[in-house]
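Chains: A, B and C, in written order; residue numbering restarts at 1 for each.
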Amino acid sequence: MALYYKSAKELAGMLSRREVSAVELTRAALDRAEQVEEKVKSFVTRTPDLALAQAEAVDRRRATGETLSSLAGIPVAIKDNMNTFGVRTTCSSKILANYIPPYDATVVDRLNAAGTVTVGKTNLDEFAMGSSTENSGFFTTRNPWDTSRVPGGSSGGSAAAVAVGEAVISLGSDTGGSIRQPAALCGVTGLKPTYGRVSRYGLVAFASSLDQIGPFGRTAEDVALALSAIAGHDRLDSTSAPVPVPDFTAGLNRGVKGLKIGIPREYLAAGISPAVREAVLRAVEVLVGLGAEAEEVSMPHTEYALSAYYVIAPAEASSNLARYDGVRYGVRAGEYSDLVDMFSRTREEGFGPEVKRRIMLGTYALSSGYYDAYYLKAQKVRTLVNKDFEEAFRRFDVLVTPTAPSVAFGIGQKTDPLAMYLEDVCTIPVNLAGLPGMSLPCGFAAPEPAAGVAGGGPTAGDGNGLRLPIGLQIIGKAFDEETVLRVGHAFQQATDYHKQRPALDAKGGARQ
Amino acid sequence: MTWETIIGLEVHVELKTESKIFCNCSTRFGGEPNTQVCPVCLGLPGALPVLNQQALEFATRAALALNCQIAGYSKFDRKNYFYPDLPKAYQISQYDLPLAEHGHVDFIFGGEPRRVRIRRIHLEEDAGKLLHSEDGGLSADANVSLVDFNRSGVPLIEIVSEPDLRSGEEARAYLNRLKTILAYADVSHLKMEEGNLRADVNVSVRPTGSTEFGTRTEMKNVSSFRAVVRGIEYEAERQVKVLDEGGSIRQETRQWNETKGVTIALRSKEEAHDYRYFPDPDLPALDISRDFVEGVRANLPELPDARQARYVRDYGLRDVDAGILTSDLSLAAFFEEAAGLYPKDPKAVANWVLGDLLRIMNARAAESDEIPITPKQLADTLMLIDRGTISGKIAKTVFEETMATGKDPEVIVKEKGLVQISDTSELEKVIADVIAANPQPVADFRSGKETALGFLVGQVMKATRGKANPGIVNELLMKALK
Amino acid sequence: MQIRREDVDHVADLARLSLSEEEREKMTRELNSILGHVDKLNELKTDGVQPTFHVLASLKNVTRKDEVIHGLDRDRALQNAPSQKSGCFAVPKTVE
C-alpha cells in the first residue's frame, strides 16, 4: 500500500523505527496532493514549505534520540476555520479571503507540540454552514469516490484529504454533523467529541453551544491517537471541561462483549435510504456477532431536533458573524456612502447566500417579540431531546444509527435549503445533547436515483458499477469517547470497509 | 400648568482591575492606541472570553456597598448592535439576571434626607474609543474616525437607579454620594477625566401631581456631573416647551453637546436598536454562593455612613461636621490621620479641616486628593499654639503659608520671625505706650466699661504685629490699669 | 408564523445586510419555508421545561486570576486592518 494510504498508527511505527523519515512521508503526502488536488480540491491553502520545515524539525529531533509523540511527523490537514498563526485562515468566505491570524488555535498549538506536519488548510462550506462544501465562497470539493458528487460538509475538504491520501489525519469541526456526515460520504472515520472535550479557542465560531472540533482518520485507532493529542481542558475556553483525558488508544482492544447497544428506531424511519438502513442493521449484526447485545429503543423527540437546531444554530451564528464588519480585518466593500453603508455592503458582498440566510433566520429568531416563540422554545425542546438521550443511556452503553440518510449526492443536486438541512437529521440531535458521536464506514451502495427518477438502483454491497461509502454513527455518553472508539475499533477489526480506497486514478475520476 | 421632572440614571463605573474583564490585557489608561489588545478584546475570529475573578469581586463589593441583594444565580448575555468601537458587534453584558438588585443610596439634599432606589447592578465590558478629527490629535482627516481598542474589555458595572430623582441638582447630589460610596468601597479609580464614571440620563416630565410617567428621552455617555445637571435642565425645559406647544415627546436617544449646551436627537437609523439579547454560550453561568458573598462582605471597607457615626461617637464631632468630613474619602483620611497625631482635641482638628483647609482648597478649586498640607503639618501647627510658640491668629498665617509653600510650620515661624512675645518686660513697655496713647479708653475702663479692655488688647497686638501672647497681654494690662 | 416582506427588510437592517430587491423576495420565500418546518416545535408542550443554554450544566463559575499578560504588538493587531491610520483602525466618520 502506498505510504500516503497507510494508517497513522502504522506510519508512527515506521517513523519510530526509522524505516521512513518525516520528510519522506511528508513528500509522499505532498506529491499525492500534487497528483490529485486538481480533481478533488480539498485545500483552500496548501503549506508545503511549512510542512517540510516541520518534518525536518521532527527528523532532527528524532536524530538526537529525543522521545517523540506518536503523531510526530504525521501529515495533518486542518479545516480552514481554525486559526493558524501566519497562515491564511478564510473559513472559505470571501469576507476573510485575506485574513492572516496573529495567533494559533489551541488545537493547532497542541498538534504543533505533538510534532505533526501541517500540509494545508482545507475547504469547507462558508463558516461551516452546509453539508456539501458547495457553500464554500471559493469552490466545491469533490468526493474522491466520484468527483461529480459532493464530499459532504461542512468539513468536506478535511474528509476528502484523508480519503484520498493528501493527509493522514485531519481536523474538522462539527456543529450539526459537519465531521460525521462528510466522514460517511467520503468513507473515512470521523469523531465529534463531547462538547467541552476539545478546546474551541481559535475555532472560528459558528454556533458556540454546538461547535466542537474533532479528528478524521482512516481508522478508529487513528482517530483515538489524534483525539489524545488535542483533547483536554484549556483555560482559554470557559466551556472546556476540566476532566481528565485518558489515553484513548489504551482500551481499544477490550472488545464489545456484553456491551449494550441501543438502536433508536426514529433514526431508521422515513427519509433513510433502504441501502443505508440495511448496511446499518448489518453492522449491528456484526457487533452482536462480536458479543454485544442490541435492542431497539424509542427516542420520541428526535423528529423535533432539526427544527430546534435551525433556530439555535442560526441565532448564535447571527451574533457570532456580526463581527465581520470591515473594521478590524477581512475584506471591506470598495464603495460606500457612510458607516452604516460600509457595514451593510461589506457584509452583503462578503457573505454567500447560505450564510446570509442563516444570519437572517437567526436575527429574526432573536428579535424583539420573537425570542420566546423561537429561541427560548427551541432551547426548551433541546432539553426534551437531551432527556431522550439521558433515558436511553440509562439502558445502553452506546447508540447506533446511520450517519447520513443516503450516500453522496451529486454536485448541484440539492437546491432547496431545507432538503440540504435534512442531510443532518441523524447527527444534529447529538450536537444538541453535546454527546460524542463517530462515523465510520459500514458498507457501500450504488448512488440513489436522483429525485423524481423512478426505479431503485443496486443495493448495498453491489460489487459492480459505482460504489459509494455508507457511514455508521456510534453515539456515546458524555465524555465516554473511549467506549465509542472501542466499538468502532472492534467493528473495524471485523470488517474491511475502512480499508477500501477510492479509485480516483481510474479513468473518469472514481467511476470504474 | 406646572411640570415635574423625573430622572433616572444609569451610571457606568470602570472597575480598577489590573487586567480586562475577559482577557489578560492591561486596563491602564493613556497607553498608545492599540497597544493593550489581544485576540479577545479585538474580537478576532475564534477568540473566547474568560471572566476575571477580581471583576466579579469588585462588582459584588460595590453592590453590597450600595445595599443590594446579590443574585444566587446570574449569567452573561450578549447585547447585539453594530458600532465600530464594539469589536464583536455585541457587548457581553447581563440582561434578565443581573448580579445584584434592590439597593439604595441615602444622601442629604437641600438639608433633607433623600433615598434613591437602585434597581439593578450588572457587570459588562467597556467598548473601545473613537477619535475624531475635531478632537484634535490623531485624525486630521475629517472623513474618517479612528478606533483605539485599549479600552475595549475594561470591566464596568452599570448602576441603574429607579426614576426617583426630580432635578438636576438632586441628580448631582446623588452622583456625589454614589461616587463617595464607591471610593470607600475601593472598586474604581473614579477619575472623571479618564472616563471612569459615565452616566446615561433618562429624563421625562409630567404635570405636577400626576402619577403616570411621561415619555422619556435618554442622553448617553455623559461624562461630567456638571454636564448631567445642565443636560437634565436643558432637556426638561425642552420637553416642557414641546408639550406646552401641544406637541409630544418622542422616545429617543439624544446627545448632550457640551459646547452648544443643547441635546440633539441621534439619527434614527443609528439608534434603531433591537439588541437581541440572549445568553452568551461562551460563558458558563454564575452560581454565587452565600460563602462568596459573605466573604466579600467581610472584607468590605468601612463605608461613609459608618465612618460618620464613628466620628460622632469617638471624636465627639457634630453629626453635620462628621458628615462633611466623611463625604470625601481623602478628606476623611486626612482628618483621621491628623486627629491621630493630635489626640487631645480632635474637634480642633475638625474645625481646622472644615474651616481654613476647605476654604483655601475651594478658593484654589483643588481636588480633595491633592491636599497641599500633610496631617502632620496641621498637628504640628496646633502643637505650636499649645506650647505658646505662636498665637492662634498667627497659626492661621502659618497654616496658609504651609498650604502655599509646603514648608513645615516650625520653619515658617522661624523664617518669618513669628515667635510669640511672652517676655513681660518687653510687653510692659508696649503696654505703657498704649496706655499713654489712649487716655479715653483707659478712662472708660476705669469707670467700669469692661469692653474697653478688648480695644486696648487689640492695640497691643497691633503694636506687636500679632506676636504678643494674648494671655500675658491681658494679665499685664489689668495689672497696669488697676 | 409567516414572515412578511417588511419583516425581512427590518431584519436585514438589524443584521446590516444590504440585500438586493431580488434577494429580499427570495429570502422571504426561503425563510417562510424554513420557519414552516420550525413551527413543528409548537406541537410540543414545553411549560415548565427549562431551556438548555449550556449543555455542560455542571460547568459554573469559570474565572481566571486578575493578571496582566501582554497581548499583541500593535503591528500584529493592525496587520489585517482594511484601513488604518496613526496606529488606529480607520472607519468612515461616525458622527456628523
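Everything that follows uses one rule, which is that a residue touches a chain if its C-beta (ideal position, glycine included) is under 8 Å from a C-beta of that chain, and two chains touch if they have at least 3 such contacts.
Here the structure is a predicted model, which is why all the values come from computation and not from measurement.
Taken as a graph of touching chains, this assembly is complete, with every chain in contact with every other. The most central chain, judged by the distance from its Cα centroid to the centroid of all protein Cα atoms shown, is C.
With centres defined as mean CA coordinates, chain B is found 58 Å away from chain A. Spacing of chain A relative to chain C, judged by their CA centroids, is 24 angstrom. One inter-chain figure worth recording: chain B and chain C are separated by 40 Å, centre to centre, where each centre is the mean of the chain's CA atoms. Within chain A, residues 99, 102-103, 209, 235, 238-239, 318, 322, 325, 327-329, 339-340, 343, 363, 367 each touch two or more of the remaining chains.
Across the assembly, chain C contributes 14, 16, 53-54, 56, 59, 62, 64, 72, 77, 83, 89, 91-94 as residues in contact with two or more other chains.
Residue numbers of chain B whose C-beta contacts span two or more other chains: 39, 42, 50-51, 82, 84, 147, 274, 276, 281, 283-284. Listed in rising order, the residues of chain A touching chain B in the complex are 81-83, 89, 91, 96, 99, 101-103, 105, 200-205, 207-209, 235-239, 315-316, 318-319, 322-323, 325, 327-329, 339-340, 343, 363, 366-368, 371, 375.
Those residues of chain B that touch chain C in the complex are listed here as 17-19, 23-26, 32-42, 50-56, 75, 82-84, 130-132, 138-139, 141-149, 272, 274, 276, 279, 281, 283-288.
For chain C in complex with chain B, the residues that touch the partner chain are 13-14, 16, 53-54, 56, 59-69, 71-74, 77-78, 83, 85-95.
Across the complex, chain A is touched by residues 1, 3, 7-8, 10-12, 14-19, 23, 27, 30-31, 33-35, 37-44, 46, 49-56, 59, 62, 64, 72, 76-77, 79-83, 89, 91-94 of chain C. Contact residues on chain A toward chain C in their complex (touch as defined above): 98-100, 102-103, 195-196, 209, 235, 238-239, 241, 301, 303-304, 306-308, 310-311, 318, 322, 325-332, 336, 338-345, 347-348, 351, 353, 356-357, 359-361, 363-364, 367, 370, 373-374, 376-384, 386, 416-418, 421, 432-434.
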